[in-house]
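Sharing a structure here in C-alpha cells format.
Going by the order they are written in, the chains are A, B, C, D, E and F; count residues from 1 in each one.
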Amino acid sequence: MLSPLQKAGVLTEALPYIQAFYDKIVVIKYGGGAMVDPALEELVLKDVILMKLIGMKPVLVHGGGPMINHWLERLDIRPEFIDGLRVTDEVTMEVVEMVLAGRLNKGIVSRIQGLGGRAVGLCGKDGGMIRARRVEGDRDLGLVGEILSADPGLIQTLIDQGFIPVVSSVAAGQKGESLNINADTMASALGGALRAHKLVLLTDVEGIFLGEGDGRRLASSLLAAEIPGLIASGALTGGMIPKAKGCLEAVEQGVENVHIIDGRQPHALLLEIFTKEGIGTWVKKAD
Amino acid sequence: MLSPLQKAGVLTEALPYIQAFYDKIVVIKYGGGAMVDPALEELVLKDVILMKLIGMKPVLVHGGGPMINHWLERLDIRPEFIDGLRVTDEVTMEVVEMVLAGRLNKGIVSRIQGLGGRAVGLCGKDGGMIRARRVEGDRDLGLVGEILSADPGLIQTLIDQGFIPVVSSVAAGQKGESLNINADTMASALGGALRAHKLVLLTDVEGIFLGEGDGRRLASSLLAAEIPGLIASGALTGGMIPKAKGCLEAVEQGVENVHIIDGRQPHALLLEIFTKEGIGTWVKKAD
Amino acid sequence: MLSPLQKAGVLTEALPYIQAFYDKIVVIKYGGGAMVDPALEELVLKDVILMKLIGMKPVLVHGGGPMINHWLERLDIRPEFIDGLRVTDEVTMEVVEMVLAGRLNKGIVSRIQGLGGRAVGLCGKDGGMIRARRVEGDRDLGLVGEILSADPGLIQTLIDQGFIPVVSSVAAGQKGESLNINADTMASALGGALRAHKLVLLTDVEGIFLGEGDGRRLASSLLAAEIPGLIASGALTGGMIPKAKGCLEAVEQGVENVHIIDGRQPHALLLEIFTKEGIGTWVKKAD
Amino acid sequence: MLSPLQKAGVLTEALPYIQAFYDKIVVIKYGGGAMVDPALEELVLKDVILMKLIGMKPVLVHGGGPMINHWLERLDIRPEFIDGLRVTDEVTMEVVEMVLAGRLNKGIVSRIQGLGGRAVGLCGKDGGMIRARRVEGDRDLGLVGEILSADPGLIQTLIDQGFIPVVSSVAAGQKGESLNINADTMASALGGALRAHKLVLLTDVEGIFLGEGDGRRLASSLLAAEIPGLIASGALTGGMIPKAKGCLEAVEQGVENVHIIDGRQPHALLLEIFTKEGIGTWVKKAD
Amino acid sequence: MLSPLQKAGVLTEALPYIQAFYDKIVVIKYGGGAMVDPALEELVLKDVILMKLIGMKPVLVHGGGPMINHWLERLDIRPEFIDGLRVTDEVTMEVVEMVLAGRLNKGIVSRIQGLGGRAVGLCGKDGGMIRARRVEGDRDLGLVGEILSADPGLIQTLIDQGFIPVVSSVAAGQKGESLNINADTMASALGGALRAHKLVLLTDVEGIFLGEGDGRRLASSLLAAEIPGLIASGALTGGMIPKAKGCLEAVEQGVENVHIIDGRQPHALLLEIFTKEGIGTWVKKAD
Amino acid sequence: MLSPLQKAGVLTEALPYIQAFYDKIVVIKYGGGAMVDPALEELVLKDVILMKLIGMKPVLVHGGGPMINHWLERLDIRPEFIDGLRVTDEVTMEVVEMVLAGRLNKGIVSRIQGLGGRAVGLCGKDGGMIRARRVEGDRDLGLVGEILSADPGLIQTLIDQGFIPVVSSVAAGQKGESLNINADTMASALGGALRAHKLVLLTDVEGIFLGEGDGRRLASSLLAAEIPGLIASGALTGGMIPKAKGCLEAVEQGVENVHIIDGRQPHALLLEIFTKEGIGTWVKKAD
C-alpha cells in the first residue's frame, strides 16, 4: 500500500514524459503472447487508454497468429510456412481475414470501449489505407502481400476526432483480392505515413540480442544506421535479423524511434513510456 | 445504342431528383439475394457511389445470411431458428462476427474502393455506435441482441470527411459480449439517429403486399400511421408484418421516408432515386 | 420512351466523368446564336445547373452582340466595326453596358434562379475583378478595352458559397471609364485567374477548322503548342485565327483545357462533358 | 485651415460614434438629386467608404428616376405616372432594367472601386434576394412589383467578405418577369431582412414635416408608433405620408432606426453618423 | 524506491480520475501559507502543470496577505483590519496592487514558465474581467470592493489557446479606482462565470470543521444546501462561517464542486484530484 | 466651434491614412513625461483606442521612470545610474517590478477599459514573451537584462481577439530572476517579432537632432542605413546616439517604420498617424 506522498511522487515523476510526448503519434504493434492472455491484454489496453488520456495519440496494429491456427484446425486446414511466412491459399486467406478483421479486431475495439476509450476497428482496405500487391518470389506464398504505399488520411481523421484506431493486418491487392500482410511491416508503414514519433513493437522477446551463446546480450539501444553493419558482421543472427531490419525500415520510412519490448511483461508499454530506463531495445534515428 | 440527345434527356430528367436529395443522408440496408450475386452487387455498389458523387450521403448496413450458413456448415454447426430469428450460441456468434464484420464487410469496402469510392467498414461496436442487450424471451435465442440506443457520432464524422460507411449488424452487449443484431433493425436505428432522409431496404421481395391469395397486391405507398390498422385488420400477414413494423419503427425513430425495394432487380436503387414512379413500397411519415 | 434500365445505363455511364470533374472550375463563354433562341438558352442553363448539382463549379461569361444592335438601331445609332471589333463611342458604350450588364446579365440570372439554381450577375467592374485599359492602335476603336489583370477573389467567394457567377464583358478602364471587352478574352482571363480546369467556348461554329476549300476539316483536338505553327503555315485562316489564338492565350494564362463547341446544338455542353467522343475542338495544354 | 489640434479634436469627438456603430449594418437608400450631381455623388460614396473603413457595414440601395427619363425620351417613350408610381409597360421595363441594373449600378460600383472601396453591383434578382409579384390594383401600373420576401444570404456573404453591396431596385416576379420596385421599399425590406441597425434615406427633402402652411415644421425625431396617429390627425400630409409610412414599415420589418436626410447637403451622411445633433428626421423603434 | 510495477499501478489507478476531469475547468484559489514557502509553492505549481498536461484546464487565483504586510511595514504603514477585512486607504491600496498584481502575480507566472507551463498573469482589471464597487457598510473599509459581475471572455480565450491564467485579486471600481477584493470571493465569481467543474480553495486549515471544543470534527463532505442550517444551528462558528458561506456562494454562482483543502500539505492538490478519499472538505451542489 | 462641413472635411481627409494602416500592427512605446501628466495620458490612450477602432492593431509598451523613483525614495533606497542605465539591486528590482508590472501597468489597463477599449496588462514574463539574460559588462548593473528573443504568440492571440496588449518592461532571466529591461529595446524587440508596420516612440524630445549648438536641427526623416554614418561623422551626439541606434535596431529586427515623436504634445500620436506632415523624426527601412 503506497502512501499519498508516494503516489504523488509517481505522478510528478511522470511529468516530463507527459510533456515530451504530448500530441505525439505512437503506433503500437500488438501481437503474440500478449494477445492470448486476457489479463495481459487488459493491461495493454488500459495502458493505451492512459496514453490517449494524457494527450498522446496511440494507433494499434495487430496480427493474430494463434487464433488463426485455432480456426484453421477446426476447419481441418493445415497451416504451412516458408521462411517464417505463412503460405496462404484462398480458403486460408478467407479464414485469416475473418479472424483478424472480424473476430480479433472487433474484440479489441469492444474491450477498449468497455474500458472507457473510443476505438474504431479497421483493416488496410478501409479508406484505401494500404495499397499492396502479392509477393513474388521463388516459392509461391499465395495470398501474402507486400505494401506499395500507405495513405494516412482515414487514420488521421479518426485521431483528430479523438478515436483510437485499431488496425488488422489485412489489405487489398491490385485486383481487390485480400492479402495477408505481416503486422510488423504494416505497423512500420503506417508509422512512416503518419510521421509517428514512436513505433512500439510488443513482442514475445525481450528485445534485440547481439551475439550468440554465452556472449549473447540484450542491446538496450541501437542507432538505426548501425544495423546493416551488425548484420554483416554476424552480430545479429536468426530471428533477430528480420526484427532489426523491420526497425531500420520503419526509421527509413519516417518513424523517429522504434522500441522492441516484451509484451508478456505486465504494463510493458507504460513502463517504456514513463520510466527513464525503459525496457527492451530502443532503435533511434539519431543520437 | 442511345443518341446523344437521349443521353442528355436522361441526365436532365434526373435534375429535380438530384436537387431534392442533395446533401441528404440515405441509409441502405443491403442483404439477401443481391449480396450473393456478384454482378448484382457491383450494380448496387455503383449506384451507391453515384449517389455519393451527386451529393447524397449514403450509409450501407448489411447482414449476410447465406455466407454465415456456408461457414457454419463447413464447421459442422447446424443453424437453428426460432420465429425467423437465428439461435446463436457462442461458437455460432464467433462465426457470425467473423463472417459479417470480417469477410463480408471488408469485401464490400474493398469493392467500393475498387470502383473509385472511399469506404470504411464498421460494426456496431466501433466508436460505441450501438448499445445493445441480449433479447430476453420465452425461448432463449442465445446471443441475439436488441438495440438500446444508437450514437451517430462516428458515422457522421466519416460522412463529413467524404467516406461511405459500411456497417455490419454486430454489436456489443452490456458485458462486451458480441451480439447478433437484425440488420433491418440496425439500419432503422442508425437511420433514426442520423435523422436520415431515406431508409432503403434492399430485400428479396418486391415490397409490402396487402391481402392474401387472389386479392394480394403490392402497396406502392403507405402512410406510417396506417400500418397498425392494417395489421389489426389482417391486411398484412406473415412475413409482411415484421417488414411493415420495421418501417413504422424507422419512421418513429426519426427517418422521414422508408422504401422497401427488390434488390434482385438491376439498379433498383438508382431507379428508386431517379424515377418518379419508383419501385416497391414507399412508407412515408406524412403526406 | 426509354426503359428504366436504359436510364440507369446513362446515369452509370456518366459516373467516371462525374468523378473526374468533381470540384473543378469550368468557365463557359456563352454568346452568339444560343443566346438568341430562348429554347436553346434554357437547355444551356439547365446544363449549367446540372453541372453545378453534380459538383462542378461553372462560371458563365457572356457577350451579347445581337441585342446590342437592336437597341442601337432603336436609338438610330449605326454600329461600326474595324477588323471585327466594334468601334465604341461614348453613347454606344452606354448602350453596351446597359444591355450587357443590365438586361442580358440579369435576365440570365433570373432564368437560372427560375430553374432552381442560385446565380449572381456581375461585370468586370464588380469587386475590381478586371483591370483594363483602352486599346491603342492605328485606328481608334473608342471605348474598347484590353485586360491588364484579373482578380479571382469575388468569383471565388461566390463559388465557395454555392452561387453560379454570371459575368458580362464590361470592365472599367484606368480612369473608371466603361470599356467594351471581347467576351472570349474575358472568359479566358477569368479562366486563367481561377486556374480553371476547362474553358468552354459556346460559339456559332462547330469548332476550329484547318485548311480551306475542299481540304477544310474540323480539328477534333489540338495541342496548344501546335497553334503558332498552324497559323504560320497557313493551315489556320480568317476567323479561325482569333479563335485559335484565344485558346492558346487561355492555356498560357493557366487553363488546362479549352473546348470550342457549337452552341446551336441542343445540350452541346452536356454532351461535351459526359461523352467520351465530345463535340467540337479540344485544345489541350499537354497530351 | 484647421490647426493640428482642431483636426485631432474632430477625430476624437467621433470616437463614441465609431464605437457605437462598430460592426453594425447600415442600409442607405440613395436616389434623387444626389445621384444627378457628380460632385455630390463623390461625397456620398466617400462617406460610405469611410463608414466601411471604421468598421460599419454599409449597403447601398439605389433608384434612378432622372436617368430613366433621359433614356425613355431618347427612345420617344413618354413616361406615365399614377399616384406617383410609374406606369411600366414592357419596353419601359426593359429600359428601367438597363438603366438601373446596368448603367447606374455598375457606374456606382466603378466609382467606389476608384475611391479605394470594394463594391459589388446587384439587383433583386441576384441570388434570389427579392421575391416579388406584380402589384394589383384598380388601375394597371404594368410591371410594377411589390415585395413578397427578402433573403439576406447573398448580401450577408458579401458583407462578411468585406464588400460593399450596391443594389438596384429591380426584381423578378413569379414568372421571372422583370419588375420595377420602389427603391425606398426595397431598402426597407433589405434592412429588415439584414436586421440593420440603421436605414438612411438620402432624399430631396430635409426630412419629415409636420403640419402645413405657416405651422409647417421639421420633425427632428419621431417614435415609429406615433406615425399612424399623425396621419389620422392630418399632421402628416401629401408626400410626407408615403415617406412616414415607409419608415414605419422599415421599423416593423426589423430595422431599429430610420433616418430621412437631405442628400443635397454635402456629407449629409457623415454628419448624420458623426454628430450628435444629426440632420433630418430620425424615426426610432423605441426611446 | 518503488518497483516499475508499483509505478504502473499508480498511473493506472489515476486513470478514472483523468477520464472524469478531462477538459474540465478547475479554479484554484491559492494563498496563505503555501505561498510563503518556496518548496511548497513549487509542489503546487507542478501539480497545476500536471493537471494541465493531462487535459484539465486550471485557473489560478491568488491573494497575498503576508507579502503585503511586509511591504506595508517597510513603508511604515500599519495594516488595520475590521472583521477580518483589511481597511485599505489609498496608499495601502497602491501597495496592495503593486504586491499582488506586480511582484506576486508575475513571480508565479515566471515560476510556471520555468517549470515548462505557459502562464499569463492578470488581475480583475484586465479585459474588464471583474466589475466591482466599493463595499458600503457601517464602518468604512476604504478601497475594499465587492464584485458586481464577472466576464469570462479573456480567461476563456487564454484557456482555449493553452495558457494557464494566473489572476490576482485586484479589480477596478466604477470610477476606475483600484479595489482590494477578497481572493476567495474572486475565485468563486470567476468559477461561476466560467461554469467551472471544481473550485479548490488551498487554505491554511484542513477543511471545514463542525462543532467546537471536544466535539469539533472535520466535515469530509457537505451538501451546499445544508450550510445555512449548519450556521443557524451553531454547528459552524467563527472563521468557518465565511469559508462555508464562500462555498455556498460559489455553488450558487454555478460551480459544481468546491473543495477546501490544506495547502500546507505537500501535493494536496494532486491528492485531492487523484485519490478517492481526497483530503479536506468537499462541498457538492448535489449528491 | 467648427462647422459641420469642417468636421466632415477632417474625417474625409483622414480616409487615405485609415485605408493605408488598416489591419497593421503599431507598437507604441509610451514613457517619460506623457505618463506623468494624467491629462496627457488620457489623450494618448484615447488616440490608441481610436487607432484600434478604425482597424489598426496597437500594442502599448511602457516604462515608468518617475514613479519608480518615487517609491524608491519612500523606501529610502537611493537610485543609482551608470551610463544612463539604472543599477538594479535585488530590492530595487522588487520595487521596479511592483511599480511597472503592478501599479502602472494595471492603471493603464484600467483607464483604457474606462474609455471603452479592451486592454490586457502583461510583462515580458507572461506567456514566455521575452527571453532575457543579465547584461554583463565592466561595471555590474545588477538585475538589468538584455533580450535574447521575443515570442509574439501571446500578443498575437490577444490582438486577434480584439484586445489592446499593454506590456511593461520587465522580463525573466535564465534562472527565472526578474530583470529590468530598457522599454525602448523591449518595444523594438516586440515590434520586430510581430512584424509591426510601425514602432512609435513617445518620448520627451521632439525627435532626433543632427549637429550641435547653432547648427542643431531636427531631422524630419532618416533612412535607417544612414544612421551608422551619422554617428561616425559626429552628426549624432550624446543622448541622440542611443535613440538613433534603437531605431536602427528596430528596423533590423523587422519593423518597417520607426517614429520618434514628442509625447508631451497633445495628440502627438494622432497627428503622426493622420497628417501628411507628421511630427518628430521618421526612420524608414527604405525610401
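In this text, a contact is a pair of C-beta atoms (placed from the backbone, for glycine too) under 8 Å apart; a residue touches a chain by one contact, two chains touch by 3 or more.
Note that the coordinates shown come from a computational prediction; the quantities given were computed from them, not determined experimentally.
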Least step count from subunit B to subunit F, where 1 means the two chains touch: 3
Labels of chains that are neighbours to subunit B and to subunit C: none
From subunit A, the most remote chain by mean C-alpha position: D
Copies subunit E and subunit F touch via same or different residues, half shared test: same
Angular offset of subunit C relative to subunit F [C-alpha, multiple of 5 degrees]: 120
Selected pair, out of E-F, C-D or D-F, that shares over half of its residue contact pairs with B-C: D-F
Separation of mean Cα positions, subunit E and subunit C [Å, integer]: 69
Inter-chain centre distance, subunit A versus subunit F - centres from mean C-alpha coordinates, in Å: 57
Mean-CA-position distance for subunit E and subunit A (Å): 46
Chains in cyclic order, anchored at subunit E, direction fixed by subunit F: E, F, D, C, B, A
Complex contact set, residues of subunit A against subunit B: 71, 74-75, 94, 97-103, 105-107, 109-111, 113-114, 118-123, 125-128, 154, 157-158, 161, 163, 170, 172, 176, 178
Contact footprint of subunit A on subunit E as seen in their complex: 2, 4-16, 18-19, 22, 43, 46-47, 49-50, 53-55, 116, 266-267, 270-271, 274-275, 279
